[in-house]
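There are structures below to look over.
Note that chain A is present in both complexes that follow, paired respectively with chain B and with chain C.
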Partner chain A sequence: MRRGGSARASETRSGWLFVSPVIIVLGLFLVAPIVIAFWVSVSDWNGRGSPLSSGVSFVGADNYRQLLTEDSLTRSDFATSLRNNFYYVLIVVPIQTVLALALALLLNQRRLKGLSFFRTSYYFPSVTSSVAIASVFLFLFAGGGSVNALLGIFGIDGPQWFADPRGVLHIMLGWVGIGGGADGAGPAALTSRDFLGLTWWDWLSGPSVAMLTIIALVIWVSAGGYMLLFLAGLQNISADVYEAASIDGASRWRTMRSITIPLLRPTLFTVLTLGLIGTWQVFDQVYIMSKGNPGKTTLTPAFLSYDQSINNGQWGSGTAMSFVLFGIIIVFTAIQSLVLRDRDASTRGFFGRLRSQPIAAPPQHPTSTTGPTT
Partner chain B sequence: MSQTTLTDRHVGAPDPETPKAAPRPHATRTAILKALGYSALTVFALLYLFPFIIQIGTSFKTDSDATANPLNPIPSNFTTAAYQQLFQQDFGLWFTNSVVVALFVTAGRVFFDSLAGYALARLRFRGRGAVTLAIVVTLAVPGVVLLIPKFLIIKQLGMYDTYSGMILPLVADAAGVFIMKNFFESIPVSLEEAAKLDGAGVFRTFWSVVLPVAKPALITITIIAFQSSWNELPHFLVSRASPETNTLTTGVAGLLTGALGAGNRYPLKLAAAVLMTIPVALMFFVFQKRIISGSLEGAVKE
Partner chain C sequence: MSRKTTTAAVAACLTGVLALAACGGGGGFDNSGGSGATQPPASGPVTITFMITSNGPADVKLQQDTVKAWETKTGNKVQVVAASDINQQLTQGFAAGSPPDVFFTDANVFPTYAKAGNMLAYGDQLDMKSDFYDGLVKTFTYDNKFYCAPKDFSTLALIVNTDLWTKAGLTDADVPKTWADLETVAKKLTTGGVKGLVIGDTRDRIGAFMKQAGGWITNADQTQMTADTPENLAGLQEVQKLLASGSTAYPKGVDSGWGGEAIGKGKAAMTIEGNWIKGAVKNDFPDLKWKAFELPEGPKGKGTLSFTQCYGVASASKNQAAAVDLVKYLSTAEPALALAKGLGVMPSLKSAGDGYKAAFPDEAAFLAGAEYAQGPVTVAGMDPVLKDFDTQLQGLPGADPKAMLARLQKNGDAVLK
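Showing the complex of A and B:
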């Protein structure tokens, strides 16, 4: 009986039946965990027994207050992780974006043939396991590794990358006579004041030499992925625009500056935002390569929250860190949707943002390069 | 779904045939630009391929050769000792665990994502809009924030350190649902209507009429699901603990960080990296075009 009046009922039944596995999995392993974790972050659960048992009591915002206002090792560690991640984002996002754009522009040259080989080699790291990539970089940047051997050819004595906690900015400030260099003390004006338990001088360290290796790895891997986004953006620019420019006698450089880059703006925003969101979540590389060492200079909030909960049993502050990180990422997502002014973007998430990326073609050719029109 | 690839679609570029009758100096300039273009591409290709070449070369070296000549990928004494040592450890077990987990996760995602995608695209039922929105919202949750929460729920459900705790949380993903939903929306309804007129039920129609047509999208989902579960690390850090449930990612990560006796044992670590890369690399080279268009799903076609 599937026709007539019962067809509708049957469709409703099948509809719910069809979506139920996905709803159950996402509900159980995505929504419920967030709810439980939020409860843990406002409770005094110490890791023993179930967090839902009766012995666990509500402590309000205590964990958050301790994390952000009370002088403790936890707070200064968290501040350190925020500082480390901040410098990491500050360096990774611009460089990976520029490198991705450069690779895409190189691959978009009409005169050249055999480009798929190059595209494959740039993209390959993106499909490879972070563990495998990290093992290669652990060898490349080892004290007696390939990078130092290469530097040695040019007479440069490379650092012990993974063991070097010196802040790059501290080193550079030392060159111009501010502070005692990386190892010495900072100027009294900066060391006497602190924020979140970390002195102003410590905030100004810059990424450590060890962090640079993780930065190099991530840029190397992710530029290939973002390159694909730029390539798609470039190939969505209508040929007519370029024709008009060449009729007007515009030079290559001029065409690039006045046509290509402006029309790529939507892609650029997408890449920047995905980059911001992704870089605040760095975990794998820290876990595999450094565990936050040396001197806590590669600690990131994602790794610290994991370490604090699972290894130290400080579940309350560990989950509170997760939610503060969540807040940071939400702020960046909000800034992104504000900038893009795409009414869907804020709710559509990662793939949604890819999907909602506007086509960089003039409005009169909205479907010139696209797939099926639905 | 048009599976056009990026290379054969230089829409953004003017017709390459136009400068045919160009004067000589222009031709020289073009040749120079071409040479510059290829050199730049090659420099980057070296930068991207050399680490892999070093990885493979060093995995066939002895420990002392690896540290003595870190820049030379060619072993001075070719040896497969590193690979033999790997299999004396638990590497085989890790590999098996990774295969089992990846197969179940992939099968689950292909089936559940296409079921849900079909329902959201085609079936009219009360609450469809709400379900769609709810799944969309879950896409926005940053994965790394879920680490500790997932640990808590998996413990709570008594699945910690079991295959079910490792597999079940991964068997459905919101992104896959939307890839399937978009695909089903792009195919004509007439096929299903014919099946319905023949009296086929909703599931029959889905299974034997719609799914066979959806092959391109199913392949995309399969690749993404296999690759992401094969490469997954954080989930297996919080869903299991004992050595018997190590996957390749957690096992090799342990190799990299843990103390393994004397020496750095780089060949061993790099051999592990080579072996764990092979399955994904094979898939990448076979389905390359599909992977690239799949990872751009939507960015290319809107």
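Showing the complex of A and C:
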């Protein structure tokens, strides 16, 4: 051991040497800003001079306490933004994942002609500037825009998409006789109680009509990107497995359920994780298309945090918001990985059963897994 | 890898991060001099960074041309920078300790900047202080200190598309003098795709109706909220009535970003906008024939709103003496009038009023409003409250105006307490 020790130490040294550029870059552009932002969230910095200068003092959890416990406009705005973003995530993540998977399955067929054309065109939105796409959507969904013209052909009088703050869930609840629809008052049982300064009824509004346009845009943009991930995952699945399945007489649906999806689980995990993180952080579409309007129904925590810091000069509560958002993302990702984790074959859950299939593990290269010989 | 090496490496990384952080902090911009402190003048000619907001290259050129005389006189240079998002750029500058020396400051953000100590209170050094309109001086006074020289100002007026006006059989005698008149002409001017009146859905337009009804958001010295009053309610109800009648719409209802666009595109026969409409129409809708009239009177008489910007000087500026000198120059009649003429706004100097009137006899309506215009609310921390009120106002066609005012009152009280 002793003899090998020095060889090891020099290896370690060169190891650190090789990773040091990355560590420095990450430290400078990732770790340091996060640490400083956290400091701002527990300080009384007002945006003047450096947050680390002597005039700035530590205020403990005051910013967090004010944000989460004091009845104020900031708190109800923050609650509104959380509500909006929650519905946004709830709709975007499943749809974009399913759509991406469906597109990938379509494009994975070997008989399809013009494969690379479709692959490129589906991926195109993901590599186009979000600013440009958002501007195009502004035109499409304008009151007299193409979408409403299309709806007009079918005799539907389309809404003023970007000016419509009505909550979709409120509208639907109105249909079944709960509450007075989008503009009317909610049932007293729900309006009399509140959480974070927002009544239960307001929490139940669902995404607004304006938010739906942003949702449509984001799904359209990101599905292509995730499709590429699924496609890569699909192409990693060995043809032998499918062959074996077809010899066993498995139907297409059965093959899909028992082979494709289980073998795609790592990709699915990646797509869902990236999707969750990305959707909770939605900013640029809001910044360009709506700035939180109409009726604050497209306000998201990321945008509110920016607005609170840059425009209102409330840096403490602005950064506190972003750290609360960080916590939310962590919690959601943890829940998601718990649901998708590798269970024992004995577990009778949907994913557990799928897992019991023999898996074609990535080819193992014996040389790469053994350590240096000492 | 041994545990010891790991620990050492982690320690090294942390030290690195801390060092980086310290570098960020040790930039030498500790700003211990308060907002009132004037830093020693730099010797020799200096370059002043001057950040402006503009509607295009023409505005930038105008600003550059105006400062030329000062450059020649003093030997200093002025670098005019057109901001794309001035609020964000200034905020970054303040945080980095290197803001532009002189910058346009909107009345909305002025109290936030002043409170944070980002601005130099140089107002009392100006010998033309008494020549500014009193309302403007008041707008840029924070904590009893007159901070910065008002650049110019605008007021709201009723903008009429004269072609549609005559087409509807209306004459000069029909120019609305009261709310009832306004309802009548708006109705007459509404045809198929054209709304009689399009007004912006914010306090900056609808507030004029509150003023005409004798109300306003705060009391005169901005120490108390006076939002939840019958006067303000009357103002909002009038707007609600107009919207409900179908003769009036918000810009979004006619696919426009603002009133000027609505009237320019021919989707509105009248709108309520300020002096800035002139430049916008000239650039975007050169064929539009329009005229400005004073806003109709409400139950408590005339009322309009004024908007203004000032020349902010950064407290972190190293060229404060030169910066203040530049502002002094810009606040003399000749350059002020030249800028006002070019931008279509009104000079902030009373003595330049006649020159403006002579140059633009057709726009007397804007200047007439200066006599009784209400300036914006300038209380630090009030901006989100007012924005929330704007959000409420977007729902005015259907929602309850009384609840909006109560909400404004409650949120505003929390800021002022």
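The working rule: the second predicted complex is superposed on the first by the 302 of 374 C-alpha atoms of A that agree within 3 Å, B and C clash if a C-alpha of one lies under 4 Å from a C-alpha of the other, contacts with A are read in each partner's own complex, and residues count from 1 in each chain.
Quick note on the criterion: a residue touches a chain if its C-beta (ideal position, glycine included) is under 8 Å from a C-beta of that chain, and two chains touch if they have at least 3 such contacts.
What you see is a predicted model, and the numbers here were worked out from it, not measured in a lab.
Chemist: What is the contact status of A:Q160 with respect to chain B (first) and chain C (second): first, second, both, or neither?
Modeler: A:Q160 contacts chain C only, not chain B.
Chemist: With both complexes overlaid on chain A, does A:V31 touch chain B (first), chain C (second), both or neither?
Modeler: Once the two structures are laid over each other on A, A:V31 reaches both partners.
Chemist: Quick check on the superposed pair: does A:L338 touch chain B, chain C, both, or neither? Answer first, second, both or neither.
Modeler: neither
Chemist: Output check: A:N46 vs chain B and chain C. Expected answer is one of first, second, both, neither. What do you get?
Modeler: Only chain C is touched by A:N46; chain B is not.
Chemist: Between chain B and chain C, whom does A:S54 touch in the aligned arrangement: first, second, both, or neither?
Modeler: It touches chain C, and chain B stays clear.
Chemist: After the superposition on A, what does A:P294 contact: first (chain B), second (chain C), both or neither?
Modeler: It touches chain C, and chain B stays clear.
Chemist: Thinking of the overlay built on chain A, is A:W16 touched by chain B (first), by chain C (second), by both, or by neither?
Modeler: A:W16: touches chain B and chain C.
Chemist: Tell me which partner A:N312 touches in the superposition: chain B (first), chain C (second), both or neither.
Modeler: Once the two structures are laid over each other on A, A:N312 reaches chain C alone.
Chemist: In the superposed arrangement, which partner chain does A:T74 touch: chain B (first), chain C (second), both, or neither?
Modeler: The answer is second: A:T74 touches chain C but not chain B.
Chemist: Which touches a greater number of chain A residues, chain B or chain C?
Modeler: Tallying touched residues of chain A, the top partner is B.
Chemist: Do any residues of chain A touch both chain B and chain C, and if so, which are they?
Modeler: In chain A, residues 8, 12, 15-16, 23, 28, 31-32, 36, 50-52, 142, 144, 309-310 are touched by chain B and also by chain C.
Chemist: Using the touch rule from the top, collect the residues of chain A that touch chain C in their complex.
Modeler: On the chain A side, the touching residues are 8-9, 12, 15-16, 23-24, 27-28, 31-32, 35-36, 46-55, 72-74, 77, 142-144, 160, 162-163, 165, 183, 293-296, 308-314.
Chemist: Going by the contact rule set out above, which residues of chain B touch chain A in the complex?
Modeler: Contacts found on chain B: 1-2, 4-7, 9-16, 30, 33-34, 37-38, 40-41, 44-45, 47-49, 51-52, 54-55, 58, 66-67, 70-71, 112-113, 115-116, 118-120, 123-128, 131, 133-154, 156-157, 168-169, 171-172, 174-175, 177-179, 182, 185-186, 196, 199, 201-203, 206, 227, 230-231, 233-234, 237-238, 248-249, 252-253, 256-257, 264, 266, 269-270, 272-274, 276-277, 280-281, 284-285, 288, 291-292, 295-302.
Chemist: Contact residues on chain C for chain A in the complex?
Modeler: 1-2, 5, 9, 13, 16-17, 20-22, 24-25, 27, 29-32, 87-88, 91, 94-95, 97, 109, 112-113, 115-118, 250, 252-255, 316, 381, 383-385, 388, 391, 394-395, 398-399, 411, 414
Chemist: Which chain A residues qualify as touching chain B in the complex?
Modeler: So the residues of chain A touching chain B come out as 2, 8, 10-16, 18-19, 21-23, 25-26, 28-34, 36-37, 40, 50-52, 103, 106-112, 115-140, 142, 144-146, 148-150, 220, 224-225, 228-229, 231-239, 242-243, 246, 270, 277, 280-281, 283-284, 287-289, 291, 302, 305-306, 309-310, 315, 318-319, 322-323, 325-326, 329, 333, 346-352, 354-359, 368-372, 374.
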